[in-house]
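See the structures that follow.
Shared between the two complexes below is chain A, which has chain B as its partner in the first and chain C in the second.
On to the complex of A and B.
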């Protein structure tokens, strides 16, 4: 009886109209969900289907030849890893610090905090090519780093900082006020509160920020083509130019006749790389979470 | 007499012993050479660079892209040792020195299913100006024409405009593309499209099951062969440009690039070698 009461349309509307509206909206929601899932499945299966055949140990361990149509992507993987490492090594501490400043030290409604937040939101919306041109002008030319892994990593760091800071800040905001009050009631210092109370709870936000940041960084082409560059040999130092995976894929698919097959395989490698990084990040995060709470 | 000759030989030998290490050290090329510019030339320049590096292990050749205009700008400002420019230098760029590495042709391409066999220059101009909007007008199917143009800064665009006496503002494009492969993919995916791309890439794609067709220009079939023998009208030089007379490493690299030792590399990138 109760069940029937819940499912019957409320009084006041025409029963049939309401029924159609309800069923219709359910249908639209399902359609949307199916469309999104099907679309991403199609995209992933297209890459896997076209790229799987070329994926081999040799592909991962050899240098590209004939403009990337033949050979492998070993130096490109090395450059990608280095650029990503610099980007994260620079942006993570700065991002964490700024997020702590924003959420724990400045008042929510302070002018200063508002200014930082607004400028971060503006930065987050800036197209990546603008970061690329800025990086080229500032790091490559003014600081004299030239086309280099270092320029690329630093440019990327500037680009992922807004995302990193905002999602880390959200993580800190998720900490219940009762916990902070409890910590001060117990006479814990600010630093101890941060390390033993805030950080463990904020870890999911941190991980989300890290994963989003890495995702944006590893997929970046426009910001890197003018900073870390196009050179596809093994980098010998931080100051060498090195081509990253996304630029390699872009060049093979858009500039090299007959580069399609290797473009697909490189895209597959990129896909696997992103999944691996995400999995590792959340794994480490979960372990830290468990350790912190107990 | 004989004795003095022996002394002379000894002196020469001693000179060699003392100076050879020094001279060979000076003659051994080392350092970094930076090339920036045309995205069309970049893969070829990178391949030549790799072969050059393998001959001179202490040399690094860094190739960057960004378009021919950037090649000119960087060579001028000294940001690059050599600029790469995939067109002839303009009158206001005559302060630079240019060295033609190879040639490339630009082909007008349509979808393979398009029944059009050829278009006159006037017809192409009218299509790109938006005056002819339907394939029916030029003897094709009753379908609207999708005009594909290249983005600013690409030398294919400049060559196309110059050849047909057009200004970019007169063109009414439906799609604007960047690199060659993007143009080929767009035409292959749209039976009503018309575009223009590098002949090398187009010929490769057309012979590798990509559904595109290269239209002849003034009756000359669009092919690498006809660019090589100079009969195909719509062609362009691939240039290395420098601000000053090249010396040292830059000179060695340019000399090597213009030699017949890189012909196989040029052909593998679907361009046409011209230097003997």
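On to the complex of A and C.
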């Protein structure tokens, strides 16, 4: 008697139909989940199995030959690293500064803070190809950097800024209010509070944000086609064009007949990279949250 | 730190310096959006002056070399793919979140959640590549040419599913604990709890998740570029190729000059207008911060 379901939905269906609906919904939800799992497993296993064969030390350390059909991806990894380095070197200080301002200096309901947040919300939604257009018009043409690693890195820097600010801001917000009040009561200047109290506590949040930003940047393609370019040799300087990993995959699969095998392997490398990066971020995030509770 | 804001009689010079620098940084950060808009408008103006806005919707076709700039097929293509992907991904994403939180045994839930997070991290070019080498040949067998609206919808649905699912999950997580305790006290069944309490209570969060996913769908470039065929016409069936606004930019930017280049910036501007509308919608739906 007690086990019986006592509720009756206000808009009751009644009788057999009700019973079917209740039992059926569980089935539908399980089916949906199984469907999604199968679908994503299909994708992941396809990339892993087909890419695995070509993955070797040589693949990672040799230059591509025959337009990428043979050889490896060493210069492409170098270009990817350089673009990421510029991207993070530019965006991290700006993101950190903005996050500190948003969480610690401006009042939460201030007009200016609201404006920054609003603009970042929109910025986070801007399609990557539009960043590409902007980067091409501004960095490549107006600033005269041409198709270069520097243009690509700067374009990406604009792109990862919202996610960077968001997660670092979370880091600062997680600092217990008592610590801030204590610092205030002791008459510490903002600068000292920042360096001796806020930053040390918020470090894991900052690292998580940083890593998330890298993960977003390394996955990006569209913003880089018209900014960092296509050239697949070792870049000679910041102002040289360089091909990043994702563009390499795109080029091999679309423009080069017979490039599929290496495209698979490059896709696997990119997939592993992104997964490692995201796992690191969520690992740090989790440990950080656990620490925040105590 | 916030509490004494502006009320200190003798602020330290270091602090003034610090605040100044922080203001500069934040100014820079918020300037980027302005810069983007400025350059989009600045580069679209020549063609807008030259031929006017109406031509972009009334010309007979998209043949920039012959000064025909009809963007309607691309706009329709973008919207169709977005709609299709949302129709697939919204129910599946919400079901995923429900499954994870209320139906799955703990072990499976943890596994499933990390699968969804994994999906959300996969680069779009990898999705596109997978679509190109597995999905397109499959569709080709059924109905050539294979690169089609349908391929785009299927791949894009899988891409935006994590967005829907993760935000929906966060919404469920933020529901007041009292709702569940009350339901348990009344000994409501799981189904009743779900349909009468949880879903109505998280309506706005679910709406936000779908709108943000729509934004991601409309802005997606690489995957669409690789699997949709890129023919600038209004598709007459699920199996016909289609070109989106984003793919249009990516395809032609490399060689576009003059008015043609300008017209591509108009496509970008159009995208921004759509995104802006979606973000405003999400703001209204979620009444909060909506970083993607």
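FYI, the second predicted complex is superposed on the first by the 226 of 294 C-alpha atoms of A that agree within 3 Å, B and C clash if a C-alpha of one lies under 4 Å from a C-alpha of the other, contacts with A are read in each partner's own complex, and residues count from 1 in each chain.
Note that in this section a contact is a pair of C-beta atoms (placed from the backbone, for glycine too) under 8 Å apart; a residue touches a chain by one contact, two chains touch by 3 or more.
For clarity, every value in this text was computed on a predicted model and none was experimentally measured.
By the touch criterion defined above, A:133 lies against chain C but remains apart from chain B after alignment on the C-alpha atoms of chain A. In the superposition on chain A, A:181 makes contact with chain C only, while chain B stays out of contact range.
Contacts of A:122 after superposition on the shared chain: chain C is touched, whereas chain B is not. Judged by the touch definition given at the top, the superposed model places A:28 against chain C, while chain B stays out of reach. Of the two partner chains placed by the overlay, only chain B lies in contact with A:259; chain C stays clear of it.
Once the two structures are overlaid, the count of chain A residues touched is higher for C than for its counterpart among chain B and chain C. Contact with chain B, but none with chain C, is seen for A:66 once the two complexes are overlaid on the shared chain.
Applying the stated contact rule after C-alpha superposition, one finds that A:114 touches neither chain B nor chain C. Shared-chain residue A:226: touches chain B and chain C both.
225-226, 253-254 are the residues of chain A that lie in the contact sets of both chain B and chain C, per the superposition on chain A.
The touching residues of chain A, counted against chain B in their complex, run 66-68, 141, 146-147, 225-226, 229-233, 240-241, 251, 253-259.
Listing the residues of chain C that touch chain A in their complex gives 1-5, 12, 14-15, 17-19, 21-26, 28-30, 32-36, 39-40, 42-43, 91-92, 95-96, 98-100, 103-104, 112, 115-119, 121-130, 132-134, 158, 161, 186-192, 194-196, 212, 215, 218-222, 225-226, 246, 249-250, 253-254, 264-265, 268, 271-272, 275-276, 278-279, 283, 289-292.
Contact residues on chain B toward chain A in their complex (touch as defined above): 34, 39-40, 42-44, 46-47, 50, 53, 60, 62-66, 79, 178-182, 184, 200-201, 204-205, 208, 268-270.
Touching chain C in their complex are the following residues of chain A: 2, 5-7, 9-10, 21-22, 25-26, 28-30, 32-33, 35-37, 39-40, 42-44, 46-47, 93-98, 100-102, 104-105, 107, 115-117, 119-134, 136-138, 158, 161-163, 165-166, 180-181, 183-184, 189-191, 193-194, 198, 215, 218-222, 225-226, 246-247, 249-250, 253-254, 260, 263-264, 267, 270-271, 274-275, 278, 282.
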